[in-house]
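Each of the next two complexes has subunit A plus one more chain, namely subunit B in the first and subunit C in the second.
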Partner chain A sequence: MGIDAFIAALGLLADPWAILIMLLATVVGMIVGALPGLGTVTALAMILPFTFVLTGPQAIGLLLAIYVSSVYGGSIPAILINVPGTPQSAATTFDGYPMAKAGKAAEALGWVTVASTIGGIFSMIVLVFAAPQLAALAVQFGSIETFALIVFSLTTIAWVSAGNPIKGLLAGVIGVILSTVGVDELSGADRFTFGNFALSAGFHVVPILIGLFALSEVFVTAGQGISTTAKPIISTGFKIARFRDWWAMKRTILRSSVLGTFLGVLPGVGATAASLIGYAQAKSASPNSENFGKGEPEGIVASESANNAVTGGALVPTLALGIPGDAATAVMLGALVIHGITPGFQLFNRNPDLVSFIFVALLVANIMMLIVGAMMAQVFSRVLKLPHALVMGGVVALSLAGSYVIRFSVLDVWVAVMAGISGLLLRYANVPLAPIVIGFILGTPLETNLRQGLIVTQMQPLKFLESPIAVGFFTLTLIVVLWPLLKRYLPKRRTID
Partner chain B sequence: MSRVVNTDTLLGAAGLAASAVLLVSSYRQGATVFLLPGDAPPFLVPQLFLYLLAAISVAILLGGLRRGGVRLDARNWRAIGVGFATLVAATALMKPLGYLVVAPVAVFVTVLNLGYRNLLVNAAVSVGIVALLYLLLVSFAQMPLPTVPGLGI
Partner chain C sequence: MRTSAIALIAGLGVALSATAALADYPESPIEVIIPYGAGGNSDTSGRILINAMRDVMGADFVPLNVTGAGGTVGTAQLAGSDPDGYTLGYNPIATVTVQPHLRPVPYNNESFAPVCMIADNPTSVTVAPDSPFESIDDLIAAAKGGENIVAVGGAPGSMTHITQAMIADAYGVGWTYLPAGGGGRAAASIMAGEATFATDTSAMERVHGLKTLAVAGAERVEGLEDVPTLKEQGVDVVSTIWFGLFAPAGTPDAVLDTLSAACEEAVQTDSFIEGMANANYIVRFMGREEFGDFFQAEYVRNRELLPVIGVELPAQ
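Here is the complex of A and B:
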C-alpha cells in the first residue's frame, strides 16, 4: 500500500458518519458475540440489510467492525460465565473462567482484549502485503483455472469444516443448487421456478443467512427449552497487565498470531480450530504448562490472539481471489458484491483506494475493539444478564424486517422462515450450515466459469486438464477428499511395521 | 420401524426425494430451451450437482440404515411447532395487517413460547423492539415496511 493510497483511505475514513457507524457496529458486534447462541455470521446477516442505505466505504467499515468485534465478544461470557459466546472462544474458557473465579476477571478481560487486538492487527499487516501478491498471481487465471480454484475451495471448506465430511459436502452441494434457482443469465431459461414469477429473480443470500443462522437458533432454543437457573456472573472490571508481563508473552503472541493468520488463509479451517491449536501449541511450549487450565494468562493470550488473527488471514483469499475462507468472510464477500464491489485482481487494479480503505478500516476496527472493550467491559457483563427469551424475541423482529427490506418482497420472508426450519432440521442431523452459504455464494461464479470454460474448449471438459494451474487445483482437491481414507490407512501400516 | 428411523435415514431419504423431483423438473424445463451450437446447456450445473446430491444422499441413507436403531433425540417438538406456526402466521399476515401490528404479536408469542413468564416486560419489550426497528428502518434508513391498513404506518 503506497503512501498516496493510505492518505486516500484516511480521507474516506475522515467521514464522521463512517467513524460513528464503525463505533456503533463495534458495540453491536461485541454484544451479539457475547450472547451465547448468536455469533459472527448471525451478527453479519442481521446487520446486512442496514448497509443498503450506506455508501460502499461506510458499509465495509460497518461489516469489518462487526466481524472483528463479534469474534472478540465471544470471549466475554467465556471468562465470566464459562460459556463461550461463539465457538471461536471455546479455548478461552480453559483459563479465563478459572482466572475469573480466582477474582481476576478484570485482568482476564485485559489480557483477552489486548491479545485480540494484537492478533487482529498482525493479521491486518499480513493482509496488506499478501493480498496484492495473491491478486497479482490471479491475473493468470482464466475461467478454467477459476473453476478449478472454486472446486478446490468449496470441497475443502465442506470437507474440513464439518465433523462428518460427507455431510459437509452435502451442505455445499445444497448451497450450489440453491444458487441456480431463477432465470439463467446466459440462456434466459427459467430454472426451478415452478411457474412462480417471484422466483425468477432467484434467492437472495440475506434471507437464507437470516433463516439458517438467526431463525434456526430461535427454533433450537425452543426445542431445548431455556434454563431458568441463570449462571452466576462474576463481577468484573478491566485491567491491563504491566508491559513487563506482556513482554514475557511475546513468543506466545507471535506464534498464535502467525498460526491464526495462516489458518485463516486456508479455506475452511476457521477461528475455532485456530484458537484451539494456538492454545495447544502454547501449552506444549510453555515452561508453565502445568498451570494451563488453572487460570494461566498465557492460555488466554494464545487462544485469543490466534482467533482474532484469523480475521485478516481469511480476508486474504476473499479480497484477492473472491474465495471466502469461512462463513463469515462468505457473508462479507456477498455484502461486497451487493454493494457493487467485485473482489479479485480487478479490485486491486482499478480501485486501489478502496482496497487501502479496507486495510485501514480493519486497523481502525481493531483499535476500536480495544477502546470499546476497555471502556465497556462492565456493560457487557450486564448484557449477559438479559433473559435469553427476550434476546430471541429481538432476533425474530429483526429477521422479519431484515428479510423483507432486501427486495421489499414477502417471498424473502417466506424464504427466511423456510431456511430457518430447514436449518433446525439440518442441525439436528449434524449437517454444518456454513458450507450451504459458501456454496450459495460460490455457486454463481462456479457455474459461470464452468460454462465459459466449456464454450472455450468446445464442450470438451478433458481439455481443462491442459491447464497446469487447473491440474494443480484438481490434484489438491483429490488429496483433500482422499485424505481421511489415507489417514485411516497410514496408522494401520505403522502398526503392522 | 424404530430400527431404521434416525436422522441419517431421514436426511438421506429427503435428499434423495428432493434430488429426484428437481432432476425431473430440470429435464422437463431443459427440453423446452433452444440452444445454439457450442452453447453450454443451462441445466448442466444444476443437474451435475443434483446427481451429486442424490449420490451423497444414498451414501447417508445407507449409512443410516446400517447404523440403525438410533433413537431420535427427545426434543420439545411442541415448542418448535408453535414457534414455526407463529412465524408462518406472521409472514402470511405481514402484508395485509402491516409490520407494526404483526411483529409485536410474533415477538410476544415467541418470547412466551420460549418460557418467559413476565407478561408485562414481554409486552413492553415486544412493542419497544419493533417500534425501535421501525424507526431505524423506515424513518432513518428510508426502507419501507408493510403498512397498517388505514393508518399508513
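Here is the complex of A and C:
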C-alpha cells in the first residue's frame, strides 16, 4: 500500500459520521457478541439493513467494527460467567472463568482486551502486506490439502486432554460422531435422524458448547451447595498487566497471532478451532503448562489473540478471491456486493483506494475495540457483585434463550439441556470437554474433504501423497503423535552419552 | 382496576385486529424466511428484495435465515406457518421444485402460494482461465476420449448438480461429480486444479475470473455476448436458477394480491435494479398468476426430468 493510498484512506475516515458510526458499532458488536447464541454472524446480519442508508465507506467501517468487536465481545461472558458469548471464545472460558472465580476478573478482562487488539492488528498488518500472496497460497488448498491440515489440527486434542489421552481421544470421537447427524451434504442422505425432520439440519455448535461448558458448570455448582461457593474478594473493572508480564508472553502472542491469521486465510478450520488450537499450542509450549485450566493468563491470551487474528486472515480470501473465509466474512461479502463492490480477483487492481480504506478502517476498529472494551469492562464486571445464585439463574436463562435464537428451533434447547447433563456426567468421569468441541467443529470438514479428495483421486487415497502440502502436514502430524514416544528415548540416549 | 382495564383494552385490540387484519394488511412486521445462511446467494438477493418491498409498502419486513439441509429446513418452516400473510419465504428453484422429489420433506407443490418471481439466472459452463478447453465441444470430446473430467457444484439436488447431469445426458457422456458447494467453493476447486468445470450461474466469469464455454439459457447473456448458448450448439439444455417470493398455501387472495402488486412495484425501483445488477442477478418479474402456473409447470418438469438424467438419491 502506497503512502498516497494511505492518506486517501485517512481522508475517507475524516468524515466525523464515519467515526461516530464505527464507535456505536463497536459498542453494539461487543454487546451482541457477549450475548450467547447471537454471535458475529447475527451481529452482522442484524446491522446489515442499516448500511443501506450509509455511504460505502461508512458501511464498510460499520461492518468491520461490528466484525472485530463481536469476536472480542464473546470473551466477556466467557470470563465472567463461564458462558462463551460466541463459539470463538470457548477456549477463553478454560482460564478466564477460574481467574474471575479467584477474584481476578479485572486482570482477566485486561489480558483479553489487549490480546484481542494485538491479534487483530497483527492480522491486519499481514493483510496489508501479503494479501495477494496469501490468497495465492489459499488457492493451493484443495480438498486433499485441507484434509491434511485438519488431520494435523486434530492433534491438538492431545494437548487439551488434561494428561489423559485415551479419555481425550474418546471425547474427540464423540464430537466427530455428533457432527455426522443430519443431511450428508455430499450424498443428500439423512444420517442418524431417526425420521425426525428437525434433526436433518444436524446439530449446531452453539447449543452443544453452551450445554457442555455453561450449563454443566451450573449443575456442578448446584451440586456443591452454597458453602463451597463463598466468594473471594472481587476485583471489578479493568486492569492491564505490567509490560514485563506482557513481554513474558511474547512467544504465545506471536504464535497465536500467526496461527489465527494462517487458519483464517485457509478454508475449513475457522475461528473457533483457531482459538482452541492456539490455546492447546500455548499449553504444550508453556513452562506454566500445569497452571493451564486453573486461571493462567497465558491461556486466555493464547485463545483471544488467535481468534481476533482470524479476522484479518479471513478477509484475505474474501477480498482477494471473492471466496469468504468463514460465515462472518460471507455476510461481509454479501454486504459489499449490495454496496456495489465486487470482491474478487480484480478488487486489488481496480479499487486500490478502497482496499487501503478497508485496511485503515480495520486498524481503527481494533483501536476502538481496545478503548470501548476497557470502558465496558467496568460495567460488565459488576455482574460478579450479584449473588451467585442469581448469576447462575441468569446463566441458565441466557443459555436456553441463546440456544433457541440461533435457529429458532426448540430442538436446539433440548440439545443444550442434554449437552449440559452429559457435560456434568463427563466432568465426574474426568473426561475433558474441549476435545468434544474440537471433534465436533472439525468433524464435518474432515469428512467432507476426505470424501471430496477420494472423489477427485477416484478412490485412491495413496494419491493424496502426491501433494507436497499434504505430505508436509501428514509428517507434522506423525511427529506430534510420536513425540511422546520419541521423548522417552531421547533422555535415555543422553544418559548413555 | 387500572391494569384490568388495560388488559381488557388490549384483549379487545387483539380481537379486533384479527377481524380487521385484511383491511389494514400489513399492520405488523412481515417475516421473510430465507432458507440459506446470511451472505449466500439467496440471502443477498432476498435482502435486496426485502429492502425494496419495505420502501414500497411502508411496512416492516424482517429477513430470517433458517438454514440447514439444502434449504429444506427453512422451506418446511414456511410451509408449516400460519397463512396470515405475516410469514413469507424467499426461495430459489431447487428448494421448492427439486428437493421434494428427492427426499422426504414435509411439503410439496400444494404447500405454497407463489407471490412473485424476481430473478432468473441462466447457468453456464465455466473452466479455469488457463484451461486448454475453448468450447463445449472440446470438453465433450475430452470426456468421450476418456480424460478424467470432474464437474463441480453444490449438494445433490442443487441446480448446479442437475445442470451438469442434463449436459452429460444430452451429449451422452459421463464424468465425475464433485459436490464441493456453489459459487466461491466451486471456483476454488477449479483454481486448485481439482475440478475441470462448474455449472453455476453466468456470473462465475465476472466474479472469479473463470472462462465461460457455454451458457445454458434460452438466449445469450449480457456481458457474455460472445459465448454461445447450448441450444445454439445443438443440444436442448436450458437450465436456469430462479428466485421467488412464496406464502404458505391458504393465504387469503387479497393479501397475495397486495404483495404481488407491491413486488411488481419493488422490482422497478432504482435501488432494486442497481442492487441486483451489482450482485450479478438478471431480473425477471412474474406476478402472482403467471408465477403460480410457472411454478407448477417447473415442479412437474423437474419431477419428470430427474429420473431421465439419472439424478436420484440413495434410498432413505
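The rule is short, and it goes like this: the second predicted complex is superposed on the first by the 274 of 497 C-alpha atoms of A that agree within 3 Å, B and C clash if a C-alpha of one lies under 4 Å from a C-alpha of the other, contacts with A are read in each partner's own complex, and residues count from 1 in each chain.
In this section, contacts are C-beta pairs under 8 Å (C-beta built on N, C-alpha and C of every residue); 3 or more make two chains touch, one makes a residue touch a chain.
Since this is a predicted model, take the numbers as computed values, not measurements.
Undergrad: After superposition on the shared chain, which partner residues are touched by A:Gln458: those of subunit B (first), subunit C (second), both, or neither?
TA: In the superposed model, A:Gln458 contacts both subunit B and subunit C.
Undergrad: Between subunit B (first) and subunit C (second), which does A:Gly237 come into contact with in this model arrangement: first, second, both, or neither?
TA: In the superposed model, A:Gly237 contacts neither subunit B nor subunit C.
Undergrad: Kindly classify A:Tyr428 by the partners it touches after superposition: subunit B alone (first), subunit C alone (second), both, or neither?
TA: A:Tyr428 contacts subunit B only, not subunit C.
Undergrad: Which partner does A:Gly11 reach: the first (subunit B), the second (subunit C), both, or neither?
TA: Touch status of A:Gly11: no partner.
Undergrad: Touching A:Ala401 in the superposition: subunit B (first), subunit C (second), both, neither?
TA: Touch partner of A:Ala401: subunit B, not subunit C.
Undergrad: When the two structures are overlaid on chain A, which partner does A:Ala189 contact: first (subunit B), second (subunit C), both, or neither?
TA: both
Undergrad: Under the stated touch criterion, which partner chain does A:Val53 make contact with: subunit B (first), subunit C (second), both, or neither?
TA: A:Val53 contacts subunit B only, not subunit C.
Undergrad: Which of the two, subunit B or subunit C, is in touch with more residues of subunit A?
TA: Of subunit B and subunit C, B contacts more residues of subunit A.
Undergrad: Once the structures are superposed on A, label A:Gly103 by its partner contacts, choosing first (subunit B), second (subunit C), both or neither.
TA: After superposition on chain A, A:Gly103 lies in contact with neither partner.
Undergrad: Could you give the residue numbers on subunit A that contact subunit B in one complex and subunit C in the other?
TA: Dual-contact residues (subunit A): 49, 52, 186-187, 189-190, 408, 452, 455, 458.
Undergrad: Subunit A touches which residues of subunit C in the complex?
TA: Spelled out, the residues of subunit C in touch with subunit A are 37-40, 43-44, 47-48, 51, 63-70, 72-73, 76-77, 102-106, 148, 150, 155-157, 176-180, 184-185, 187-189, 191-195, 206-209, 271, 274-275, 278-280, 313-314, 316.
Undergrad: Under the touch definition given earlier, write down the residues of subunit A that touch subunit B in their complex.
TA: 49-50, 52-53, 166-167, 169-170, 173-174, 176-177, 180, 184, 186-187, 189-192, 194, 215, 218-219, 221-226, 228, 387-390, 392-394, 396-398, 400-401, 404-405, 408, 410, 413-414, 417, 420-421, 424, 426, 428-431, 443, 446-447, 450-452, 454-455, 458-459
Undergrad: What residues of subunit A sit close enough to touch subunit C in their complex?
TA: Residue list for subunit A touching subunit C: 41, 44-45, 48-49, 52, 139-145, 182-183, 185-190, 197-198, 200-202, 267, 321-324, 327, 329-335, 337-340, 342, 344-346, 407-408, 452, 455-456, 458.
Undergrad: Quick one: in the complex, what on subunit B touches subunit A?
TA: Residues 7-8, 10-11, 15, 22, 25-26, 29-30, 32-33, 35, 38-46, 49-50, 52-53, 56-57, 59-60, 63, 73, 75-77, 79-80, 82-84, 87-88, 90-91, 94-95, 99, 102-104, 106-108, 110-111, 113-116, 121-122, 125-126, 129-130, 133-134, 136-137, 141-146 of subunit B touch subunit A in their complex.
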